[in-house]
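Structures follow.
Two complexes come next, and they have one chain in common, chain A, joined by chain B in the first and chain C in the second.
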Partner chain A sequence: MLMFRRNYAKRCNTSSKFKLLPEYKLKCGLEIHTQLKTENKLFSLSTNSPFSDVDKPNYHTSFFDVSLPGTQPILNPEAILFALRLSLALQCKINMNSHFDRKHYFYGDQPLGYQITQHYSPFSNTGKLRLFKDLDSIEEQTKDISVIQLQIEQDTGKSVYDSADSITKIDLNRSNVPLIEMVTGPDFTDLKQIRAFIKKYQNLVRHLRISTGDLETGAMRVDVNISINDYARVELKNLPNTSSIASAVKYEYSRQVNMIENGEGDKLRNAETRGWTGSETVKLRSKESIIDYRYMPDPELPNIVLTSDVVDGVKDMLPVLPDDTCMSLMQEPYRLSLKDAKILTINSNSRDELYTHDELRKYYLDTFEAYRSLCERHHQEFLRKLPANWIIHELLGNLNKMEITLYEICRSLSPEKFAELLLLISNKTLSNASGKLLLAHVLNSFKENSFAAGKPLNFLELIDEFELQAVADVESEGLELICERILAEVNNDKMINDIKSGKKKNSIKFLVGQAMRISQGRIEALEFETTFKKILKVSW
Partner chain B sequence: MSIKAALSKVQRIPEVQTHYNVFNYVNEMASSQLKSIEKRNASSKPLAYTVAAVKDNIVTKDMPSTCSSKILDGYMSPFDATVVSLLLEAGTVIAGKANMDEFGMGSAGIHSYFGPTFNPLFKPEDQIVTGGSSSGSAAAVAAGVVDFALGTDTGGSVRLPASYTSTFGFKPSYGRLSRHGVISYAQSLDTVGIFANDLATMNKVFSILDKYDEKDPTSLSEELRHNFRSLATKKKSLKIGIPEEFSQESVPAEFRATMTRIIKHLMNYGHEVYPVSIPSVKNALSIYYTLSPSEAVSNLSRYDGLRYGYRAESDIENGTLFTPTRSAFGPEVQNRIILGNYNLCSESFKNNYIKAQKLRVQLINDFDSAFRFPNVLSGNTVNKDGVDIMLSLTSTSFPGNYDEVVNKENDNPLNTYINDIFTMPMSLCGLPTMTVPAGNAFGIQAFSQHGNDYELLDACYEINALVNS
Partner chain C sequence: MLPALRRQFVVTVRLFSGKSSQKVVGSSIGPKFTSDKEVEEFLGKSTWNVRDYVPTSVDQKLIPSEETVVKLLKISGLPIENIDQIQVRLANQLSFINRLHSLPVDEDINPNHARIIERNPKGLDYKSLMDRVKNQEKSQALGELSGSWDSTKSAAVKLHGFFILKEGLLKGRN
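Now for the complex of A and B:
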C-alpha cells in the first residue's frame, strides 16, 4: 500500500513534466456555475450581495430565503434577461417555454430542502463557443466547444464550521442568489483548451455585464468531467481556481492512466464524483451512494414564456462580442498587435478600479480618430502606431503608477487633447522623451489639483514654460561637441572598438542614452546616433 | 353585526372549546379588541363587530401557526397572511386559530397534534367527527362562536367538514384568494375557503378577500379577473348539469331523496336540468393521490428544525440528516411523505407523476366541454350548449363516531381517502364550489367553471331558498 502511494506521488506530483500520452486519450467536459449580479435575488426582493457582508451573516435574507412557512417564490425578471443575453452570446437555441423544477436533498444550508432549478425543460440548449489559435492560445487553428444546455437555478447558503465552538454555522446571504449552470459537451482534449475556454467564458460574462466571473470569490465555479479512452466519467469538484483545475485534471489523468497500466481499469467502469484536496483527488460519491433528487416540476412558479419580439430585442442590444472586437482592432485602420488588441478587449479582472477595457478601448478609438483628423488638417504624416503606443504603454503605465482613474483623466485630458499631444510628437515639436515628461507632469498636476477643472490644457504654453521644445536644428558642431565629450568621459576603448567593428552594435545605444541625458531629451535620439556613427566612422 | 352579538359569541368560546376542541389557540384579547373598535370607524369597516376563526395553517403575527403539528409547535410567524391582513383591515376580530388535520392531511379532523375536533351538531359525548381537514373552522361556525371562518381546501378540506356540520363552505376558483401566508400542503390545489352560516356573510367576506396579490405567484391577475367579470351575466333561468359520475348507490337514502327533491324544485322554478357526463372523474382519486403527496413531500422538506419550529436533540441518525427532528410528523403525514417520495423517485416519476399530470389535463378538458362559461386558462373551445352550474352531493355518508372512524382507517387507509371522492375533481380543476346545507350533517355542492364564482354565488341563493322551501 505504501509503495502504491509513493508510486502515485512520483507520477502525479511532477506536474512540470506532465504530458498527455497518445494511447490514453483525454476527454473532458465542463459544468460552470455562474452567479448573476442582478440587483435582487432570484425569487425574492433581498439584495443580491453574497460576499460584501461577510461580517453580517444572514443579513441579505427575506422571509422566502429562509423558507418561512407560507412564503412563495416570485421570479426576478432580470435573471431571465441575463440568461437570455448569455444564451444568445453562446448561440444557443432558446426554449420559448421553459419551467422550474425542484431538486430535493437535505442539507443545513439548503433552507427549502430542495433547490429550484431547471431539469426537465432548461432555459436554452445546443450552443457553442469557438476558440482560436491566436486569440486563445490553443494548438488547433480553431476549436468549437459545444454548449449542451443552460439552466437558471438558486444558489445555496453557506456552511462554515467553527472549530472553536465545534458547531457548523449557516449563512444564508448567498441563499437564492441566481445562478446559471452551463454544461459543455465532452469536447476538450487537452489542458490548453480547458484554460482557454474558462478564460473566454469568464471574459464573456463580464463583457455581458451579467456576472463578476471571479473564481476566487466563488462567483464562478467550475466542475470538470473527465474520462480516458472509453472508461467511465469522473466528475471533479471543489476546484477553486484555474491552477487547481489544471492540477486536478493532471492528477486525475495520471491516476487513471496508472490504474489502467496496473491492470486496475475495471475500477474505472463506474461513474464517480471526486473532490480536489489541493494535492490529490478523493472519492466523494459513487454509483452506490448516489442521491435520488426526486425532481418535480415546481407547482407554483409560472412557466418562463418568451416571445420572439423579446428574444430579438435582447439580441439587437447585445454588445459586440470580444472576439469580433479584438479581430477588428487587428485589421485596418488600427492594425494593432494581438497583445494590444487583447488589452483593449479582454477583462483581466473584474475590479476595474482604474479603468475598464471598454473605457480604454473607447479612449483609444476616440483618440485615434481625433489624431487622424488633426494630422489631415495640419498636413502631417499620420503615424498609425502612435495612439496605441502612447495610450497602452505610456498613459496606462502612468495611471497604474499614480493610481488615478481613466475616468478622471478624461475630464481634463480628453481624447482630443491627447491627439494634440500626439500631433506635437509626430511633427517633432516634442521629442519622445520630452513628450513622456510632459505627459507625466500633466497627469501629476491633475492629481495634485484633485482633477479640478482649471484652465484648459495648453501644451504649447507648457512646452515653453518647461523649455521642452525639441532642438530640431542643432548645429552639427554642437552635436559633435556633446558626443565627443561623452566619448572622452566613457573612455572605454574596447567598447568603442566593438562598436566600430560592428561586433556589439547595441553599445551605441548606451552612448546615445548618455547624450540624451545631457541634452535632457530635447534632441532626438536618432540625431545623436548619426553623429556618433560619423565620429566613430562606423560603416555598418 | 352588533358588538353585543359579537361579545356573546366570544364569551361562549371556552365552553365550546372544552367540549369540542375547536381551537389550537384562543385569542384571549378578542373581547377587548371588540370593545376597542371606535364607533365612528365602525361604519367604514365592512366587517366591524364580526368574529372569525382562522385555520391554523394560515399564518398570523399575533398568534402561533402550527398546522396542528408538533414540528411547528409554538411557531410565531413574523407576518400575517394576506387574507388575514385583509380581514383585519375590514374590522374583523380573530377569535383564534382553528384545529385541523396536521398540514391539511386527513378528512375527518382526527389527525391533530392537539387532538380531534368534535362535531357541535351532536352531543360532545357522542364524539362525532367534524370532517377535515378544516375541522376547527367548520366546528367554530357550526357552534356559533364566530360569524365565519377561514379554512383551506386541497381536495375537499372545506367542503367535507362544512357538509358534516351543516354550514356553508365555499372553495373559490383556484387563484382568487391569496395563498401568501398559507402554509403549503399541495399548492397546485391549495385554496383558501370560507365557512359561514348564511350566504350574505359568505358573499361579503368573499368580496373582501377576492383580490389580486403580487406576493402569490398563482394569484389570478387583474386582467383575468376583469375577463371573468365581463363574461359573467345575470341569468334568470339556469342550465344545471347533474354529473352521472357523482351518483353513487352506496350513499344514504336520505341524501338521494334530498337531491331528487331539489332537482324537482329547480325544474318547477323554470331552471333546465340535464344529466351530464365527465368520464375522467373516475381517475380523480388516483390523480389526486399521486400529485398531492408528491407536492406535500416537497413542501415539507423545509422542516428540518434549524431555523424554526421543533428541533430534536440530534440532527442526524444513521448518517441521515434531520431524521430525529422529522420523526415529529404525525403518522398520517409520514404515510403521505412515503407515498410522495415513491411517486417522485426517478424510477416511477414518468409512470406516475407525469401520467397523473396528463390525466389532470384530460379532466379539465372534460369539464370544459360541459360548461358554457369559457375556461380562460385552458383556452379550450366553448360548448355553447353547456351548463352554467353542476350539482352533486358533497359527502358520501354522515359523519361517524371518532372510534369507528379510527378503526375503519386502521383497517385500510384508503377508506378515508374515499371520503373525498365527490370533492376532489373540482380541486384538480380549480373550479369554484360551494356546499349548501341540505339536511342535518350533510350538504350538496354546486360548482361552475373556473373564474365563474359570482354566477355560482347567485345560483346558491336560489338553491338555498329551494332547499328550505
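Now for the complex of A and C:
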C-alpha cells in the first residue's frame, strides 16, 4: 500500500511542467473563511486577539467562550458592520432578515458541541468579483467570479497535539472569534484565475479594514472544490498558503486525469473531501462517512433584521475600491504605469511595518498636488512623472534600506517639503544624482536624530552646505575634456566600437557613470551622454 | 418588565413543543401583571403536568434501531455503550415529543420563529448600528475582561493554562 502511494505520488508529481488538457476541463470553486478583526469576539465582548497572546492560552475567554452552562450568545454588532462592508464590496444581495443556526459536531476545541453559523438564511448572496487581464494577470480580458453566499460564523479554539505525552492542549483564545465564510460558484477554469482571485480577495478584506487577510497565520483559510468534466467534486482542505493551493489543485487534477485515463473514472462518481500533506492529497472523508451536522435554528439569537437605511449608510461610507483607485491613478492627471499604480493600491503584505499602500498613496497624491501648485507659482514646467519616480523608487528604496517608517518621515519631510525637493530637481538647481544624495542624507539625519523635531528642513541651505548645486552652464569644451579623459583611461577599443555600431548601446551608461563620478553628480547625466555621442560620432 | 416576563414564559413553552402552544398554558395575552404576587400566582398555578405526557410504558414501535443509536452516540462524541437503555430512553422521549406535537396549536404562527427571544425585532438602522459598535462595554459579570478570571481553574486536567484532552477521549470511539 505504501509502495502504491509512493508511486502514485510520483505519477502526479506537480513539479514537472503542469498543463491543463483540453479534453479534461477543470472546474473549481472556493470556500474562504476570513477572520474578522473586530475589537471583540462574535457572541461575547471578550477581546478578539487570537494571535498576540500565544504565551497566554485561554486568556481572552469569557464565560460564553468556554461554554460554561447557563451562558448565552449576544451578537457583536461590529460583525454585522464588517459583513455589510464585504457584502457590498462584492455586490451581494443583502438578506434583510438573516438568522443563525447550530451546526453540531463534537470536537475538543469546540466546547459548545456545535458551531453557530448561518446555514438556512445566510447574511448575503449572489454577488461577484470581477478579474481583469491587466490588473489581475489572467488570460481573459475579464472574468466574473460569482459569489454564492456570505455567512457569519464563529471560529473554534485551537488544538495543539502533543505527541510525546499523547495529549491535546486546548486554547480557547480563538474560540468565538468572528469569521465570514464566502462561497464562490464553480467558475474557475485555470490556476491563474484562482491565484488572482485569492490575491484580490485578500487585498479587498485588508482594504475594507475587516481582516488581516493573512493565510500564514490562518486569518484566511481557503478550501478548494475541484472537479473534472462531469465527475463529482472533491473538496481540498488544509491548504496553508497560495503555493499549497496551486500545488494541491495541480496534483488533484493530474490524479483525477490519471484515474479517468486508467479506466477508474467510476471511483470519481462520489464527492469526497481530501487533505493536502504538502506533497499529495489524501482522503479525509467520503460520502459514506459524511457528517450529519443536525442543523437547527439557534433559539438563543434573534434574527438579524436590517433596514434599508443601514445598508445605504454603510454603502456611503465604503472606501473607493482598489480596482477603481488603480484605474484612476492610470488616467489623467497622474497617468501612472500599471506597475506603479498597483504599488499604491494593492497591499501584498499586511505586515506594514514601514508603510501601508494607503499611507503611500496619500503621500503620493499630496506631493503630486503640492508639486503641481509649486510649479504653477514658480512658472516652472510641471514634470508629471517626477513625484511617482521619486516617491515609489527613491523614497521607498531608502525607507526599506534604512528601515524607517513613512509615518516618521512625514513628520519632518511632509509632502509639501518633498514637493520643494522635486521643484529643485525640475528647475535644475539639483541634478538627479545630487538629489538622490541629498534625499538619502536627509533621511539618514532624521534617523540618527530619532526623528526629533529640530530646525525646519531647508534644502537650499543644505545644497549650499554640501556644494551640491548643479553646474548648469557647463562649457562644452569642459565637458568634452572630461569625456575624452575618460575614453583614454578606459582604453577599450572593442567597447568603443560596439557603442559606435549600436551593438551594445548600454555600454555608454558605463562611460556616463565614470563622468558622473568625476563631476560628483553635479552635472546632468544627459549632458555627458550627448557629449560622448558627439565625440564618438554615434548616429543611433 | 412584567409583561416581558410573561411573554417569555409563553414563548418558552411554545419552543418546547416546537409549535405554538398558547392553548397548552391556557392563556392568551391578557392584561398586564401589576405585581410580583400576580406573577407568582400565575406561575404557581398548575395548568398541566409534564408527567401527563410522559408515557408509562415503552412504545415498541418507537424504539430506534441499534444502528441509529450508534450513529447518534458517535456524532455526539459519547461512548458507545448501554445501547439497550438508550434505545428505551429515546423511545420515551420520542413518545413525549409526539404527544406535544399532537396538541392543538395556533397554526398562524411561523414555526421558524419559534424562539425564546423576540420574534420580530425592530430593524436595525445605521445610527443604531454605529452607536452600538461604538458603545460596546465589556462585562466583568460575563467574564469578558481578559485575564480577569482563570478559565481553566475548575478543569480537572490542565497544563500551563491549557485545557487538556486526553487522546483516549477522541480516539477509540469510532
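Just so we're on the same page, the second predicted complex is superposed on the first by the 520 of 540 C-alpha atoms of A that agree within 3 Å, B and C clash if a C-alpha of one lies under 4 Å from a C-alpha of the other, contacts with A are read in each partner's own complex, and residues count from 1 in each chain.
FYI, contacts are C-beta pairs under 8 Å (C-beta built on N, C-alpha and C of every residue); 3 or more make two chains touch, one makes a residue touch a chain.
Keep in mind it's a predicted model, so treat the numbers as computed, not measured.
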Given the superposition on chain A, are chain B and chain C in a clash or a fit? clash
Of chain B and chain C, which one touches more of chain A's residues? C
By the touch definition at the top of the document, which applies to A:V160: first (chain B), second (chain C), both, or neither? second
Just to be sure I read the superposition right, which of the two partners does A:Y114 touch: chain B = first, chain C = second, or both, or neither? first
Of the two partner chains, chain B (first) and chain C (second), which one does A:E78 touch, if any: first, second, both, or neither? second
A:R294 in the overlay: touching chain B, chain C, both, or neither? Say first, second, both or neither. both
Touch check for A:E216: first (chain B), second (chain C), both, or neither? neither
Which of the two partners, first being chain B and second being chain C, lies in contact with A:F63: first, second, both, or neither? both
Touch check for A:E465: first (chain B), second (chain C), both, or neither? neither
Chain B versus chain C as contact partner of A:S44, first or second or both or neither: second
Given the touch rule stated above, what does A:N303 touch, chain B (first), chain C (second), both, or neither? second
Chain B and chain C footprints on chain A, overlapping residues: 63, 66, 71, 104, 106-108, 113, 170, 292, 294, 297, 299-302
Residue set of chain A touching chain C in the complex reads 39-40, 44-47, 49, 56-66, 71, 76-78, 80-81, 96, 104-108, 113, 159-160, 166-172, 291-292, 294, 297, 299-307, 309-310, 312-314
Complex contact set, residues of chain B against chain A: 58-59, 65, 67, 72, 75, 77-79, 81, 179-184, 186-188, 214-218, 294-295, 297-298, 300-304, 306-308, 315, 320-322, 341, 344-346, 349, 353, 357
Tell me, which parts of chain A touch chain B in their complex? 63, 66-75, 102, 104, 106-108, 111-114, 170, 292-297, 299-302
Chain A partner, complex, touching residues on chain C are 15, 71, 75-77, 112, 114-118, 120-130, 132-133, 136-139, 142-147, 151-152, 159-167, 169-170
